[in-house]
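Read from first to last, the chains carry the letters A, B and C; within each, the first residue is number 1.
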Amino acid sequence: MLMRIVLPVVVLVAIVLPLATSGWDAFLTLVWAKALPVLGIILLLQAGQVSFGHAMFFATGAYTAGFVIRAIPGGEIVIALAAAIGASVVAGLLVGVFVVRYRYIFFAMFNLAFSMVFYSLLEKFIHITGGSDGLSIPRPEILGQAMERSEYEFVLYYLALALLVICLYGVHRFLDSPLGHTLKAIKTNETRIEYLGLSPRRVLLIAYIISAFLAGLGGALVAVFQGIATPEYAYWVRSGEFVFVAILGGTGNVFGALAGSFVYEYIRVTATAYVGDTWQLTLGLVLLVIILFAPSGLVGVLNDIRGYLGKGRREPTPSGGKQPSGKTEKQRGEEQ
Amino acid sequence: MSLQILVLTVLDGIAYGSLVFLVAVGLTLVFGVMRILNVAHGSFYALGAYAAASLGLVLSAYGISAWFAYPLFIVAAVAVGVSVGGLMERFILRRIYVREEYLQLLVTFAIFMILDNVQRLVWGVQPYFYTEPLSLMGNVTIVGIPYTAYQVIFLPLVALFILFGLRWFLRKTLAGSLIVAVTEDREAATAIGINARKVFFLTFIIGTTLASLGGALASPTTSVLPGMGAEMIVLSFAVAATAGLGQIGGAAIAALLIGLGRSSAVFFMPELEVVVPYLIMVIVLLFRPEGLFGKTTARKI
Amino acid sequence: MTALISAKDLAISFGGVIAAEGVSLDVFEDDHLAIIGPNGAGKTTFLNICTGYLKPSAGSVTFQGRSILGSSPRAITRMGIARAFQIPQLFTEQTVLENMLIAAASQARRFAPFTPLMQIPERKEAEHILELVGCDDVSDRPASELPEGKRKLVDIALALALKPKVLLMDEPTSGVASSEKFDIMDTLIGALREQQVTSVFVEHDMEMVSRYANRVAVWNAGHIQSQGTPEDVLQDPEVVRTVIGV
């Protein structure tokens, strides 16, 4: 239902929107781009693992795109994005080989530690990265075409949209495949996975590399859109935002990434004026409220409302939608 | 030159390791008992540092002797640890003990974000300096190298006092043995009537108080500024993980190891200063995934 | 006859508890070997060692003549030893059918990233195995919602989906209603005989033992007290005293 109706409708609206009205494109381009790392986080959450460090891949993508654009004359965006993807996949593999040996606390904290190290290296190696001022990125050509700013942003909008749709669909299909289901199984029983002749670490590593790829692609898009990459791209607060947006959108479905990213950017743009100094505080509070009271996020709440109104069957969600607590598990058992 | 640098490296390592230990021991204690990793632990370190630095600045504004700063540091640490930590346990953590692990992590992470912001609201982004307690204790000369007594004598003594005090508390007092009982077997402890809630509350505020004490004692040695909490949480986690989560005595050794590793990096490969603690952790964990002193237990199947 | 699995002089202890000492046992092709013994005798520990979950402090285990000491459960499973557990090991948040299809996909090494799990060609076979153990009625239920007996049976079905040469089962029908358990075991053992799958099962019910086993090994305090045919072993007064406890 979500895939067959909602996605086409959203895509259609998104395609028509810049032609019909103006003023939304810049905002939406960021929504598309920032939904990508969130999608990566959602992928890992299927295995019950949360990363507090994915901003490192976001920054890897951003800086790689920046270096490539600065290095080649004209700076072709396709090459820049390809390089960004390549770099973040390699980074994902290198970090992943270590972190997939661990779960939960260790997984989360090792990711955080790696990203903190990466952040401080970005700040320290000023002669390469431009230090805390960041790396400014000139506007690249698109397929050999140099463009005006408005034209460039127009094309970037569609480029980001297309990449997001492909990734959403791809991850959706992946999660439905045997490997995707094995990934979800990591959350409940790794012993059994081993005893089926599979390696939970290898499965998690594949998901981890995909998530690094998604974060890197998102980072590269944001960087070429904003014309800059700064160490802040790798900061833990940004990693926290990705996780926050994933929880906000709902981790049970790939659409959580899109819904969460949209709502998050919208609130950020409109509320910064009011909450400027307390932005992080607000995020933290909202995160607490969601976890304590609506653990399946926006998509889950929509599903609940739909179920409540009795319209249509409830979409079976991979992991969201149910109360994820030991207690309810037990109660469910007792209802038998 | 090499001997002097060696001595300096060792002294730096000891000074730094003592501070990190104070923070890491609280983290590891809370984890051992509650099986929760408090990501906001670093915030308590930062809050303790800010509280101490502001109190100190008040002292010097009124021209009061900095000797009063030492007891005030402890007061500040206990005030922060008990009040903020107590509220956090009582109103938030208590609701999530039965939830999935990744949600518990997210909750403490959310609190981390909140406290980090609160701290910037209250104290701004300008660094605070209050170094009088450092200079007040004077210098000692070790193998020809002058070093502040505060860092090479006072801090390590406090760390040792906390280490042995905590061990004594856990082994010899009633409250301590209740904590140990809950750590070893929560179900059995609850079955014989131990109130796990109270034990959790007590453990948690001890943990947060240790973190803010670490911050308060660190404040004279460093500039107090935003971001110090985030840095400290990963560092103290690295210490706790290297030792084996839940290992109190092990944390002291790991803190020393990482402190020495970092100080050697400062002298020999300054660019890698931030990397070395994690490098040590990664190497240790590659060979002993359960940490230097951790134990693995096979799950019953 | 050549031994399929051959364990020699295994030893392991936990703290002061000796869970295995001088344990030597051969499992032959087409055996249906029952392991019996009081609680805590070391029966599960033996299965844990044979599948690489625990490493013995001494002794050796071979499978088809090759040492499997130090191999991981994953590698041993791939060699053809599948296991059903005393405590069922299921993917609790997924449905019974999904559980089965993950196993079937693993067996057939079907890892194409975009084929839906529900559409793999092995689905028919997996559903057939569920029928065999009487669990086809719960195939759409999340594994966490199953009663204990059904969980045990699904756990066996997962092992069967791997098309093993040897199937190890740890108290296969504990928790299964006694009205059903002989029916299910009749079909299960029948299918195993037909497909020439060797089986080893830990069992507390002596009626099950005499009905399905061709050989019995008796465990006691980490040792093998005796082994032989069910007729001989179950008559042995020593065994009657320690195990059956009359």
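Keep this in mind: a residue touches a chain if its C-beta (ideal position, glycine included) is under 8 Å from a C-beta of that chain, and two chains touch if they have at least 3 such contacts.
What you see is a predicted model; the values in this text were computed from it and never measured.
Set side by side, the interfaces B-C and A-B show unequal numbers of C-beta pairs in contact, with more at A-B. The most central chain, judged by C-alpha centres against the centre of all protein C-alpha atoms, is A. The distance from the centre of chain A to the centre of chain C, with each centre set as the mean of the Cα atoms, comes to 42 Å. One simple way to say how far apart two chains are is to compare their mean CA positions; for chain B and chain C this gives 48 Å.
Centroid to centroid, with C-alpha atoms defining each point, chain A and chain B lie 32 Å apart. Annotation for chain C: residues touching 2 or more other chains are 89.
Each of the following residues of chain A touches two or more other chains: 191.
Looking at chain B, one finds that residues 301 touch two or more other chains. On the chain C side of its complex with chain A, the touching residues are 51, 72-74, 77-78, 82-83, 89-94, 98, 101-103, 105-107, 110-118, 120, 144-145, 147, 158-159, 162. Interface residues of chain B facing chain A in the complex, by the touch rule stated above, are 31, 37, 39, 92, 95-96, 98-103, 105-107, 109-114, 116-118, 120-121, 230-231, 233-234, 237-238, 241, 245, 271, 274-275, 278, 281-282, 285-286, 289, 299, 301.
Considering their complex, residues 170, 173-174, 176-182, 184-185, 187-189, 191-192, 194-199, 319, 329, 332-333, 336 of chain A touch chain C. Chain C makes touch with chain B in their complex at residues 44, 48, 53-54, 85-87, 89. Put simply, chain A touches chain B in their complex at residues 45, 48-50, 52, 98, 101-102, 104-106, 108-109, 112-114, 116-117, 120-121, 124-125, 191, 236-237, 240, 243, 247, 277-281, 283-285, 287-288, 291-292, 295, 324-327.
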